[in-house]
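The two complexes that follow have chain A in common; it is paired with chain B in the first and with chain C in the second.
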Partner chain A sequence: MNVLECEGLAKAFDELVAVDDVGFHIAAGETYGLLGPNGAGKTTTISMISGILESDAGKVTVAGKEITTRTTDGNAEIGYVPQDIAIYPDLTARENLRFFGKLYGIPKASLGPRVDEVLEVIGLSDRGDDRTEEYSGGMKRRLNIGIGLLHEPSLLILDEPTVGVDPQSRNSILESVELLGQSGTAVLYTTHYMEEAERLCDRVAIIDGGKIRAEGTRRELVELVGQRDTINLGVIGSAYRLVEALESMPEIHKITAADASVEILVDGASSVLPRILEVAQQSEVGVSGVEVVEPNLESVFLHLTGKALRD
Partner chain B sequence: MRASMIIALKDLSQRIRDKSAILLGIVAPLGLALIFAAIIPDASDFTSDIQVGVVDDDRSAISAPFINDVLPSVEADGLLTVESYDSAETAIAAVDAGTISAAYIFPEGFSDSLQAGGEATVEIVGNVDDSIATQIAKAVLDSYLAEVDAVGVAVGAVMVSGGSDVAGIAQSVTASTSAVVLADVAAGNRELDATTFFSAGMAVFFLFFTVQFGVSSLLEERHFGTLPRLLGAPISRWSVIGGKAITSFVLGLISMIVLAVATTFMIGAEWGNPLGVLILMICGVMSALGIMALVAVVAKTPEQAANYQAIVAVALGMLGGTFFPLSQGPRILSLFSKLTPHAWFLQGLGDLSAGESLKAVVTPALALLAFFVVTIGIASIWRKEVLAP
Partner chain C sequence: MKAWAITTTNIKRLVRDPSTIFFVFVFPMLLILVLGASFGGGFTPKVGVHVAGDGVYAQGFADQIDANEEFESIDYSDSGALLEDVERGIVQMGVIIPANYDDTLASGGTATVEYVGRLDQSSVQYRASIEAVATDQSAVFGAARIVEGEGLADFDSAVTAAQLVASGPGGSEVVVSTTGEALFGDIGQFDLGAPSNLILFVFLTSLAGSAALIQTRRLGVSRRMVSTPTSIGQILLGETGGRFAVAMIQGLFIMVGSAVAFDVKWGNLLGAGVLLVLIALIGAGAGMLMGALFDNDEQAGSMGVFIGLGLAALGGAMFPLEVFPDTMVKVAHITPHAWAIDGFAELIRHGGTLASIATEVLVLMGFAVVLLVLGTWRLRAKLTH
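Moving on to the complex of A and B:
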């Protein structure tokens, strides 16, 4: 069953078209990624889905309930984690959580235990009664996420939650998102980090210029654009001799040599690699290392849009 | 409503915590009221031993209120002691003898002649040795006639020394005319005593700073990024606005009530009928709320809003006569002051303190509510932008 369904979403700010005919769906337990560079329209899309921003066109339903800026019913199904840290600096973490918990209608009796639980999950149990202005950036980020988790939404929307976070905190954030996915929550995750999208997301939409350029599993996306594997060989001896020997192989699309390495672009590295090594041996070129790089979303993105994810 | 209350409670606890609301809402106005009350002498504490006489040969609708209402209230304030005389001759004799410093003489036919469209003269006969007393007596009459706005009344002050004759005096009186229509005569003593004036003035002046906390916290929510969270929550957008309004209202009303109680007990301010005062306070807080909401809506950032609000609060406070009684300035000022809630609030209190019934607060209260309705109306045109994430 789809937790989120949206279609035909559009939004323009004066002349600028920020989002143009965006639509997708997310099933329970599925993690869906919106991957796109700065200004792609990720936040604008999310704001319309969560009923914060009025859309120019399109329709959103969450758990079967329609969402607009005027509805309130379906909003309780959504947990929203804004891109910018959105907490009250003069309140403690516990007070922040309690406030939003009440606003989301968590019953009085269960609010206290639930707040403790969330503090535990985000690793702030021992700092819960300190004002958040005294927190580090990473702690604020974690609380920012905790507020979105508090009321156990069926759809959790995270807008670039790891920006400006140290590697350790980032890892713990990614782990919690994975856990949520496993527990049946539908997750909408925006990022411009290709690695995060690859690690977390069951399906990814590549968004640029307000439009979804492609959508699917990582495999599907890679196949869609017909990306090839890259084999990097470290060589001892003449790299150029190896290039000459390999050039005639039909499976090789492109081969370039540097001082002590050769980069080879092929279809299906696993089947071609043994033959390449064989040729190297025959040409008496030593191989000091082999690296196979499968195509990633970064290269898919590059192919689809002609630009890099990060400038 | 429930969501508004949750938001208001959160805001109030933030405001209490940062203490600035208490500082601006209570400490500052109370401190200033105490200082003003201490350094500025209360007019009602000022007493003199000036004795004046009055002769009413006219017994008309113009002379009677002056003699029966104005003079006794001036007497009650301790400024003058008044004595009645049967005839102009006896009064002038008393002036001559120095028993009284000056005498008011309303001649027979005074009002008839006015009503016929002619000119008439009220005479003030003063002792030449006591010209200050004569000037004071003349000032009292002048201010009464200014209220009456009678057509063609002339006030002549004549200094007499022993042996002058009445007819001669009458002729030497300088005549002046003012061509205005006869106006409300019932304007008694509507002014607040100095202590109450400064207490109420400071309270309403700082009210505009106090309500700003709730209003500008909406801008703060955007600044902290929490506004999108509120908009995404399962609550209506109006309840966000409602929460801020409740915060402002509660802060404003509490500060006013605390100030009224504190100044009553600390410096003996007399705010008047508690119910009437409460009505004026509620309407006053709402007017401040509306004006500050409008200013906040026009501003782009919390800092800008705070600046604009300070300017507006000070400008309206000055114009509204919270620092000095408007009656001491030119008339035009008191007309303009009606463009401020402050003046209406103080006028309402003045009427109450003059012992008038609760009905006296109706007009000022309605005027204050009008400020609220108009400003909120304009502000709500901007509502969409205010609530844009």
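Moving on to the complex of A and C:
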């Protein structure tokens, strides 16, 4: 069952079209990535999905309930983690959590224990009673996320949650997201980090200029743009003899040789590689090293939009 | 209720900030104290008394001034020092009783007592009291002189006898009462300053407090609130409640604090309470409007102080409306301040009730409704666009 369904979302700020006909769906337990550069329209899309920004067109339902800026029912299903840290600096983490817990409608009796649980999850148990203005950037980020987890939402929306975070905090954030996905939460994750999208997301939408350019699993996206694996071989002996021997193989699209190395473009490196090594042996060319480079979303993005993900 | 959670969080944040504590609670009370002490009408004036000789009657004159509750009398052994202190305002007036006072009286002459005051209105008022002492003494000495002249007793014993008669019952006494309205009324020294300060500070805090609202918006906390299952109506109600609560807490503190510490009489309690609630509502509405119109909290904070002081000056919360020319009094009434001050003046000076300030209450209600509607309307738009 789909937790989130949205279609035809559009938003313009005066002349500027920020989001144009965006639609997708996310199933329970699925992590869906919105991958796009700065200004692509990720935050605008998410704001409309969370019911905090009036859309010009389109429809959003979460767990079967329609979301607009005027509805509140469906909002209980959403945990929204904004891109910018949205916490009171002069309150403690516990006070921030209690405050938003009340707004999420968590019953009084379970609020205290739930706040403790979340503090534990985000690793702030021992700093829970300090004012958040005394926190490090990473600690603030974790609290920012924790608030969105309070009410155990069916849909967790994370807007670039790892920006400005040290590698350790970043890793713990990514691990938490993976765990949430496994526990059945639908996750909408925006990022302009290709590696994060590849690691976390079951499906990814490439968004640019307010439009979704392509959508699918990583494999699907790669295939969609006709990207191939690259095998780099380090050779001992004549690279040219190897090139000659391999040229007849149909799986090989392109092969180029340098002094002591050969670069081979293939469909599906894993199935072709054993045969290539076999041919090398038959041709009496020694192989000193093998490297397989699978195409990534970065290259998909480049192919689709003609520009790099990060400028 | 979710609005309540937002309101209480507003209050929690306020009381946690030491600088607001100072400006919201300590500063207004200090100002009431300072203004009351320097400009208030009813404090005990000090009279410096220099007795040049060592005559018994001269000392009697000084003792009688000392006995007068209206004054605090201070003895000066040096007339030069006394004159200087009068000039510097350390004492409000000086009385110099010459060395030959007793001798002149005993020889049947007219003794002169020198009164030194400054050229202000209160000086004239004080002089009357000192003159009353002189008149008292003259009566005693006049009577004694008659007794002495009849050969019934010597001057000194005649004076003693006359003094006994004067302090006993009988004779005539002038009891003073007033009619009409005095410029600065016959009221406690803090009574007028306190309401003006209340209005001034509640507005100042409300307007400057819009910074907190802008900060909440800029931090994205407001948008985050919208993302929760909380209606925008509840959020607006909560934020308005927060502004209102802060204004009420401050207003109540100033009211109760000034009543307890400086004995300020606020008049009819119901009337004063209604005025306070309306002032707080208007402050809340103005704060919401500022909070929606400005996007920069520091800018709003300083503009708030600027507008707050400007409105207070215009509306008579800094200088009494009585000293304004007529047209300015009319202009002053475009501010809620002037109406609120009128209301308090009616309650405090004329023993007015809620009924007698109905006009002021209605006008203030109008201010409150307009500002609250405008404020919430603009803020609602800011939250979802």
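To be clear about the criterion, the second predicted complex is superposed on the first by the 260 of 311 C-alpha atoms of A that agree within 3 Å, B and C clash if a C-alpha of one lies under 4 Å from a C-alpha of the other, contacts with A are read in each partner's own complex, and residues count from 1 in each chain.
The definition used in the following text is that a contact is a pair of C-beta atoms (placed from the backbone, for glycine too) under 8 Å apart; a residue touches a chain by one contact, two chains touch by 3 or more.
Source: prediction; values computed, not measured.
Colleague: Overlaying the two complexes on chain A, which is it for chain B and chain C: clash or fit?
Modeller: Chain B and chain C clash in the superposed model.
Colleague: Between chain B (first) and chain C (second), which does A:Ile87 come into contact with in this model arrangement: first, second, both, or neither?
Modeller: both
Colleague: Can A:Val17 be said to touch chain B (first), chain C (second), both, or neither?
Modeller: neither
Colleague: Given 146-154, 164-172 or 200-208, which one is the stretch of chain B whose C-alpha atoms run into chain C?
Modeller: In the superposition, chain C collides with chain B along 200-208.
Colleague: Quick check on the output: what are the common chain A residues between the chain B footprint and the chain C footprint?
Modeller: In the superposed arrangement, which is not itself an observed complex, chain A uses residues 47, 50-53, 69-70, 72-76, 78, 80, 82, 84-91, 95, 99-100, 102-105, 147 for both chain B and chain C.
Colleague: Quick check on the complex: what are the chain B residues that touch chain A?
Modeller: 3, 6-7, 10, 13-14, 17-18, 224-226, 228-237, 388-389
Colleague: In their complex, what parts of chain A are in touch with chain C?
Modeller: On the chain A side, the touching residues are 47, 50-54, 69-70, 72-76, 78, 80, 82, 84-91, 95, 99-100, 102-105, 147.
Colleague: Spell out the part of chain A that touches chain B in their complex, as residue ranges.
Modeller: 47, 50-53, 69-70, 72-76, 78, 80, 82, 84-91, 95, 99-100, 102-105, 147
Colleague: Name, in rising order, each residue of chain C that touches chain A in their complex.
Modeller: Residues 2, 5-6, 9, 12-13, 16-17, 216, 219-221, 223-232, 383-385 of chain C touch chain A in their complex.
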